[in-house]
Structures are given as C-alpha cells and as structure tokens.
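Shared between the two complexes below is chain A, which pairs with chain B and chain C, respectively.
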Partner chain A sequence: MHTAFHSKENWLHKVNPSFKLICITLLFLFVLTIHNLNFMIMFTIAIALLFILFTGQSLKRILLFLLPFMLIFLSTALSMIFFGKGETTLFKWGLVHVTEESLFRGIHIGFRALSFALMGLTFALTTRPVLLFYSLMQQLKLPPKYAYSFMAAIRLIPIMIEEFQTIRYARKVRGLQSTKGMNNILKLSISIPIPLLSQSIRRAFRIAVAMEAKRFDSSVKRTFYYKMRISPYDFIFLFYFILLIGLAYFIAFNHPLIPVTDVRY
Partner chain B sequence: MDNVSFVDHLRLKFPHEKSLLFKDLSLSFHKGEKVLLLGPSGCGKSTLLQVLSGLIPKAIEVPIKHEKIQIPEAWGFVFQDPDSQFCMPYVDEEIAFVLENLQVQRDEMIEKIQELLNTVGLQIDNIHTPIQSLSGGMKQRLAIASVLALNPEVLFLDEPTALLDEQGTAQIWDTIKNISEHKTVIIVEHKVDQILDFIDRVIVFTPDGKILADGDVSYVFSNYQEELDHYGIWYPGVWDSYLMRNKLNKHYKKDGNKHSLRLKNFKGFRNKEVMIAVEDAEIYPGEWISVIGKNGSGKSTLLLSLMQLLRTTGTYTIHNQCIHKIEDLQDKAYFVFQNPEYQFITNTVYDEITYAHQIKKADQQAIRNNADEILSIFGLKDKIKHHPYQLSHGQKRRLSVATAFVQSPKLLLLDEPTFGQDSKNTFKLLEMLENQRKTGTIIIMVTHDQQVIKHFGTRVWEVQGGKVIKDWKNNQRSKEDKNAYSFSQ
Partner chain C sequence: MRKGLKLTDILVTIVVSIGFGILYKLWGPLYYAVKPFGLHVDQLIYGMWFIAATVAFLIIRKPGVALLAEIAASSGEFLMGSEFGIEVLVYGIVQGVFAEIILMAFRYKRTDLMVISLAGISSCIGSLILDFYKGYIGDLETWNLALYIGFRFIGAILFTGVLAIMINKALERTGVTSLLRPGSKDDFDALNQ
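The block that comes next holds the complex of A and B.
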C-alpha cells in the first residue's frame, strides 16, 4: 500500500515493522477494554495526532483520508444512537429511539471505530510490505515460504488492476454493458472475475515455478538483503504511546468533558 | 566432448492427456553447444526444457520415467512472460532474492547487483527502480541478470522474446550472445531470424514428440522446409515460401472517392490528459492501416479512443454519422484485444459466436446458419460445444476474431492479433482479415511485424509521443524515408 502513496519519510517509517505490528495489535485489544467515553475520545485524539503529524502525507491527502473516516464514525455511531437500548428517552420517532444511554454509547462506538481505522491506516501508510515481511522473517521467524508468497502476491495486485480495466473494456466492446436488466447485471458481475482469476492463477503458478528456478528453497538458511533490527525509533514509538495514553488518561479522569464514566448498559 | 546434460529413454504423460507426450526420447547436449529446439505448438518443447532443468518433477509435479538423466549442476531458466517471473517489486530486491537463495553475504550484494546489471546492459540510474516501470525488453534482461547470479553453465531459454517487440527482441539476443561464451544454451523459440548465426545445432520435433531432424542450421533449414511450413514454425524463408504459394492482391476497388471514416482534431483522454491526437485523417473503405511506433507511444490508446472506450473530443464520423459514445458504434466497429480470453463471455464456442445476434433476438434459423458458416471459415466447427478456455492459443485467437466478423463491422480494430502465434495460424488469420477487407471493411491494426505491414497493409500510421506523426500509403514509404523500413514494392 505504501508504494502507491509517496510520502516524506519520518521516524515512524523507521520503526521496526514487526514491533509496530505488535504494538498496534496490542492497542487494538486495549481499545476494546476502554469503556469510559472521555478516555476513548482522548485516546482517539492521541492516535489522530500520530496520524496527522507523522505519516509524512501532505495535508491535502490527510483531509482526503478523513472523509471516509467521518463516514465510518457516523455510520457506526448513528446506528447505535438511533436503535440502541436505553431508559432516558431524548427523542422518539417511529423506529428511531434516541436515549441518553444510546447516545453516549453510540458516540463511544463511533470513536472506537475511528481509532481502529486511524491505527490501521497509520500502519499501512508507514510500512513497506517488503520490509514488513523481511522483519517478520528476521524478528518473528516467519518461514520464508509464506513471506515470499505474500510478497509475490502483492506484486500481482497492480497487474490485476490493470487487467481488470482491460477486461471491462473488452466486455463493453462485446455489447455486454449496453443491455439492461437484472439478468445481465448478474451475468456481468460473474463474467469479469472468471478471466481475471484464470489469468491470476496461471500467473501465480508461473511465478512459483520461476521462484524455484531461482533456487528458492525454504529448507535452507538464507541471508537477507535488508537487515531489520530494533532501533531507538522503536523506543520513541513506545514512549509516544505511553506518554500520550498516560496524558489522555489523566485528562479524561481529572477534567472530564462529559459526566459519564461507563457507557456500558 | 563432455555431455553437460542428457536424458535417456524419457517417458512423460500429463495426467489429463490420453497419450504419452514423450515416448523413449533420448537426447544429449555437449558443453558449450548452442541448441535450438523447434516444433509445432504442443509438441512438448517447453516441457522438455523443464525436464532437463529438473523443474519437472521437482517444482511441477508430472509423472515421468527415464533410464538416466543428468541435470546440469548450475543452470538458469528464462521464461516467456516478463510479468510472471519476478516475485519482488523492485529491481535490486529481485536480484537480491536470488543472492539470498545462494546465501551471499549482505555486504557483497549491492556490488554484485550492479555488476550483474552491467553485464546484461541494463543501465538504470537507481537500482531501486520499480520493475513495473521497465519495458518488456528491460524486464527480460533483468530476468537474465537474476539468472546469471546463479552462475549457470547451462541456460534454458523458453521463448524469452515471444512477448517482446522487435527492438526488445534484438536487445535480448544481443545480451545473450554477449554472456553465453563457454556456456551451453538450449533455446525454445518461434521467431528464429535473429539467432541463426548464433546457433550450432537445431532439433526439430514432430507433433507427437519425436525427433524429426537433428543437425546444423543449414542442413535442417534446407532439408525440412516442407515440415517446418506444415508445423507453423517461423523459419527464415517462411514469408517467401508463403508468397510463392499465394498471390496477394492488395487493391480494393474504391467506389468513387468517398471516404467512410473521418477524423478531425481528434483527441483521446485519460484522466483529463491528452494521450493521443490525430489532426486530420480520411479513411476509405477497404484500407488496412498498420499502426506502428515504440512501446508506450500511444498505439493502443489510439485504438481505445477510436472504440470510444476513452473520453474523446473532436470530429469523428463514420459514413457521415457522428460518433460520440460506444453505443454509436454498435454494429459499426469492433475491437479485438490482445488477450482473447478477456472477450469471452459465454460457456461454449457456439454461444460465443451467436451472442451478438441473441441479444438482438434475431431469427433462430438465420442465427444458426450464420454461425455455421463463420465457424467453418475459421476452422472451429468441430469445437462448437467446447468452452472457449479449452481451446488452444491459436484457436482462441481465431474465435475472438470470428466474434468480430459475425457483426460484419465497417471498422475493425485489432491490437497485435498475430502476437505469439505460429506461422500457420498467423497466415490463416491474415487471410481472413484480408477477405473481410475486400468487402470494404476498414482495418486498423497495431503491429510490430514488418512482413505483415509490408504484405498486407495498405497504409501506415506512425505514432510517436501521443501523436500520429506520419501517414503514408504503403508503397510510398521507401521513397520518403529511406533509413527507416524499406518497402520494396
């Protein structure tokens, strides 16, 4: 993913990918244990700061990324706000039943989804897949067999996108798209993946043979072109979270914005 | 002399085939020999390379049996498709992948990568360049570089230039000639013109995997011409022999001077950027225009624009009718893509042929008659019930052109239709196009094949930097531009 978006390199890009992956996974789990709305909001702000300041993306692109995030926030939050359970009714219209409890819970869930999305994207934008797999092989002892299969697969994605476009053109020429009706739409949506997959399967097979022809052997110890190691940047990464989560916790409990401590119902 | 590679009494059968591909085949290769394997498609040349290198049965599981086999200690294999032999996204990473396999130390790698790239003449400013940004010829040279990292004594080349244009092909063979001193080279290739001076020995296979001829170049090409013709092999004199047998009549009786296709100030766009421009062109019925130009100059974009698959501006009329969108072109124009599979949308050859009529709900009996006629012209009559994907490469190509003919379009656009086809299929296809042209259809075809341009085209467009910069009748070119191609008419 990172290859598609050229950006400035920051310290965040230099953090060891495996370490980053583990930290982000632990943070994902940690978010699930947050039930205090104030803390949740503060935590999301901490992640958002990391995303905005250190992914090395231009402001324009960051604003662009925020658009779908708003959608994620609204869609998850609204369904809980409108239809969630609660006792103190604020508003009622047909099926929609907004209560104080569901309102807070909805906002809480919205922020939770938002922080997931922010963490995932921050990781994706600052990690080159190739380096991630090199690091997984070196630090976490992932068998090279899997690592190289994934890397080869990632290489196929842009080729497939190009192919998808060509197939769509080719279908248009046959007059597929000019006909209407449910039946044809169904036909069309089935007919594109078939040539795409048949090409990809063949290509994947050929790549596998080519890899063996280049003496790839997963049972033999190998050297690595990229040496991945733990560096001071990893400690910066760790300290960033300790510091900001600490700060978020402090603010949330000493200067709460909203007088709710637990959104669970 | 020492044999570097041999196989004795080889028997091989693909699981879903009825008969053996090889029955007691024995072959041996000397050290330093440059051998060319020829044969009709499907005779097992590529399979043999995979056996000799040990890829079968190690990487590709096919049951084989042999009395004795010697697989060279160090060998390299270059495949046909430039896009499916790399597993890493960048040039340096791809070569490093091989070096890692050989357990080369990390601090020696960069130097080694530079050295290998220099050996194959791949000059790039930064070794950390995306492979995707290289041309086909460059990709194949990268493939050779990564194979050279293995320090092979035997090189197996499986049609390394089949998917390259003329320039790329020349680059690859130059590279191989440079690097292969003292190495044994075993080549499977259809286009043999450029390597004859390099080859010591030619082996010709029959369709059932037996050795028909085995000898030096002049012996094989002078004694087995008939068989080579019959198998569809591109040997040096194949066009001469074809032209002797067939008289080509290039002229179409124009009815008056009425042009049927007109372009003025025509531009094709991709993401708001002008990708191709034609200032002014009139095309008459029965013209066959060959579009030439370098990779990436805009040839395919021109065809896509003419088919209205890209956004276009300017005047574009066919029979005085303005064309603005693809729907305006229905029944008028048809585009045949490079990969025939992309265009198949049904499950049998018959449905494929009748598809256009079925959606118009035409008379069933008429549909059937029309389909029968076309299928017999294209030699696909006994394949009516087959799934299009089950056809051979040549048959798929013919089917995809046949679907075009069903609608007898006024304008036929083709993107390298003869690419990677054997000579038999190529001639068959060209003849069908020629017959269609004689009825007044305009053919606009992207091609690299000089012989096709010379013997079948009536007009040539040269595309450069997104513009049609030259436009001439086929027999005028040699006068205008002596140092480019020579069209001896």
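The block that comes next holds the complex of A and C.
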C-alpha cells in the first residue's frame, strides 16, 4: 500500500484516482482482445516503462518488485507450454508435450499476467486509498456509506495484524505452538481466524453504531474535506497510453520479432 | 424496514472481507508455491478466493452482501499490491456476481451446505469463463483441461462450501452473529407473552 513506502511524488500520483482506475480496467479488457504475441510483448514493455520511470520508487525497490513477477510469468506460462494443444512438436516427455503453438501461447499468457501485475502495482503504488474513495464519491457518485466503510475498514488492517500477533503470543504462552501433524495444522487453521473474525465483527459493529450516530449513512448532500477534480495530469495519463500503445502497435506489426499473428489454436 | 443494506451491514461485510483480502494476498504466494508440483494441483486451493462471499452472506444473510464482500476482498487484495494486479478486481466482481445469482435464486432464504456450495460452484464457473478468455484454457489438451476444471470445482466446494459453513458455525458459538441478525421468531414470541 502506498502509505507503507515513502516515494517521490510525480505526475502519476496526481492523476485522478477514479480516472486511473477506469483507464486500467479498460486496458485490462483491451489486453483480452490482444492475440498477437508481438503486440503483447510491446504492450507489456509500454506498461513496464510507466512502472519503472514514473512510480517514483528507487531502482533497488523496483528490482525487488520485479522478482516475484518473474515467478508469475513462469508459473502462468508453464502449464500452457507443457500441456497446450499444438501440432509442431518440439519436445515430448511422458505427459509433457511442448509444441511450437503451445510455447508461443504460453509465453503470451505469461506476458499477459505480467502486464496485469504491472498495471495493478503501478496503481497501488501511486494511489492513496483515502483519495481513491473520496474521488469515487465525488466523480463516480459512490454512496458515502460504502466509501466511508471502506476507509474505516482499511484503517482497521493494522489493528487486525496486531491482534493476530497477540493471538499467536497467547498460544505460545500456553504451549499450543506445535504445528506438527496434519491434525494440529487443521486445528491451527481454525483456531486463529475465528477469534480474529469475531473480534473484527464486534469492532466493526461498534464503529458502525458510532458512524450511524454521526449520520454517515445519510443521503443528504455531503461536503468533502478533500476535493477531487479532473486535472491536466489525467490527459497526460491518457496520452501516455494512446501514444505508447500506438507505438507498440506500429512496431509489433511493422517489425515483428516472432512470425506469429494469432496464438489461439 | 428501510430498503437495502444498513451501514452496520456494509461496514461489517467490508471489514470481514478486507480481512479475507489480507488472506488472499498471502494465498497468492502459496498458490505459486504449490504450482510447480504440476498437473494443476494448485487449482485445489483456488476455491479460497471465493470464500469471502459465502462467509459474509452466512453472517449477514441479506441481498447484495455476497457481491459486496467479494468486491471488498478483491479491492483489499488489489490495494495491497497483489501480484495478480488489476486481474483480481475484475475476477472478484465477476465471482461475486455469480455467487449472488445463486443466493438470489434461493431468495436468500437457504443457508445449508448445498446452496452455499452451489454459490461457490457458481463463482467457480465465473472464474472459468474469465480464464477461458484470459488464459486460453480452451486450448489446453482435453485431459488436462478436465483436470484443471475438476480440481477447481473440488476446491470451490471444499473452501467456499464446507470451510465457510465451518467458520460460520464456530462464529455462531462465539455469539457475535446475534449482534447482526434481526431477532428470530422465538424472540418476538417471547415478547408477546
């Protein structure tokens, strides 16, 4: 979450959160229509550039973030590469059957997962949740009772984590720490979440009563402490994608790296 | 009674779901850790991602709760910087809608294992439809695809159905659920005497 890292703020942080969310959701749908591997790779590079250059993170941290992405790429791609349909056999070993078609399709899916991960993390790193919900209320007319509930719930996360620690210490003190054997693991997986859940529900109930008393559920027109607007930064954001996706399209179709036009079988 | 969800219902649903969102965030690495075992064993634990909807519905038992829960859990996971990125948000919404449809079909009256498992299976179908477009799973070898779908259904029933019912039973024993549910018929009868 943004609050966990202190980073340099730049234009990406100033883009209206609702607008940013709508844009990347549309990009998600757009990616589902890409069946050309060359275009998919170029598209991913365009998103990666945004992530590396404009999230305001240090290079060290960016490399740290990229590490699990490689794992995602591999694990998403592998089952399609090994077990996908195809005709031109490259390699066969037992159940594993790698074909040229399945190889390219696997890589395509890998890049897809990578581009979704990059878009999501770019959003999470450059958006403060509080401003997101203020913007959802003001630009997209989300009812305040939902938005304030979300904000309250997000504030409760650190308390939940603290409580989790407390429960673990309490179990340790009582000598219930053993995690050997399947039976114990099962017991553990029920005995920790239940007190966590019940305490959270009690706390949420108390907070809700207080919020109702303060008329957070009223539908009368509210005023807002943070005023969210559409600004020129939103147009920069939009133009970035139009420009780079256009460029990606141009490169992919004029100078293709791989002679594959459609990865579908 | 006023129409729709009260602020209490909304806040409790969202708090519980954000809790599940944290779990989902931790579930991601686990999912990738079991993946190398191959042959879609990872699909067996996929069902955990549908659980917020059914647990929240079992606690609150009102229309719209399942959908709200799944949206809240996925946005929690998303805002914490999930490895799956924007994908979780879209999947969460679709899975929530599919679970909600089943619960609606039973008019939000049934809370037995069968209906809750059906809601899980419905979410599972929603996720498979998205996988069909996103992951080209239709282009897997047929035996492999059957394994993939079969394991995911089993996982959906185990986690979303059985585990959710177990959690709810344990929660009922703690007494918190009585805070949230409107008084039962017995309570009103007791008042009339």
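Convention: the second predicted complex is superposed on the first by the 261 of 265 C-alpha atoms of A that agree within 3 Å, B and C clash if a C-alpha of one lies under 4 Å from a C-alpha of the other, contacts with A are read in each partner's own complex, and residues count from 1 in each chain.
The rule we apply is simple: contacts are C-beta pairs under 8 Å (C-beta built on N, C-alpha and C of every residue); 3 or more make two chains touch, one makes a residue touch a chain.
As the structure is a computational prediction, the values presented were derived from the model and not from experiment.
J.: Should chain B and chain C be called a clash or a fit once both complexes are overlaid on chain A?
T.: fit
J.: Could you look at A:103 and tell me whether it touches chain B, chain C, both or neither (first, second, both, neither)?
T.: A:103 sits against neither chain B nor chain C.
J.: After lining up the shared chain so the two structures overlap, which partner does A:118 touch, if you call chain B first and chain C second: first, second, both or neither?
T.: The answer is second: A:118 touches chain C but not chain B.
J.: After superposition on the shared chain, which partner residues are touched by A:136: those of chain B (first), chain C (second), both, or neither?
T.: In the superposed model, A:136 contacts neither chain B nor chain C.
J.: Looking at the overlay, what does A:263 touch: chain B (first), chain C (second), both, or neither?
T.: So A:263 only meets chain C here.
J.: Who does A:207 touch here: chain B (first), chain C (second), both, or neither?
T.: Touch partners of A:207: chain B and chain C.
J.: Let me test your reading of the model: by the given contact rule, A:154 touches which partner, first (chain B), second (chain C), both or neither?
T.: both
J.: Examine A:41 and indicate which partner it touches, taking first as chain B and second as chain C; both and neither are also allowed.
T.: In the superposition, A:41 contacts neither chain B nor chain C.
J.: Based on the superposed arrangement, let me know which partner A:23 touches: chain B (first), chain C (second), both, or neither?
T.: Touch status of A:23: no partner.
J.: In the superposed arrangement, which partner chain does A:50 touch: chain B (first), chain C (second), both, or neither?
T.: In the superposition, A:50 contacts neither chain B nor chain C.
J.: When the shared chain A is used to line up the two structures, what angle, as a multiple of 10 degrees, is there at the CA centre of chain A toward chain B and chain C?
T.: For this superposed arrangement the angle is about 70 degrees.
J.: On chain A, which partner touches more residues: chain B or chain C?
T.: Per-residue touch count on chain A favours C.
J.: After the superposition, pull out the minimum Cα separation from chain B to chain C in whole angstrom, please.
T.: Between chain B and chain C, the shortest C-alpha distance works out to 6 Å.
J.: Taking the stated contact definition, name every residue in chain A that is touched by chain B in one complex and by chain C in the other, in rising order.
T.: Residues 152, 154, 195, 198, 202-203, 207-209, 211-212, 216-217 of chain A touch both chain B and chain C.
J.: Which residues of chain B touch chain A once you look at their complex with the stated criterion?
T.: Listed in rising order, the residues of chain B that touch chain A are 50, 53, 55, 58-60, 76-77, 79, 81, 83-90, 92-93, 96-106, 109, 130-132, 146-147, 150, 304, 307, 309, 326-327, 330, 334-335, 337, 339, 341-345, 355-356, 359, 389, 403.
J.: Give every residue of chain A touching chain B within the complex, in rising order.
T.: 3, 130, 148, 151-152, 154-155, 158-159, 166-167, 169-176, 178-179, 187, 191, 195, 198-199, 202-203, 206-217, 220-225, 227
J.: So in the complex, which bits of chain A are touching chain C?
T.: Answer in residue numbers: 1, 24-25, 27-28, 32, 68-69, 71-72, 75-76, 78-80, 82-85, 95, 97, 102, 105, 108-109, 112-113, 116-121, 123-125, 127, 129, 132, 145-146, 149-150, 152-154, 156-157, 160-161, 190, 193-198, 200-205, 207-209, 211-212, 216-217, 263-265.
J.: For chain C, which residues count as touching chain A in their complex?
T.: Residue list for chain C touching chain A: 6-8, 10-12, 14-19, 22-23, 29, 32, 35-36, 38-40, 59, 68, 72, 75-76, 78-90, 133-136, 138-141, 144, 166-167, 170-171, 174, 176-177, 179-180.
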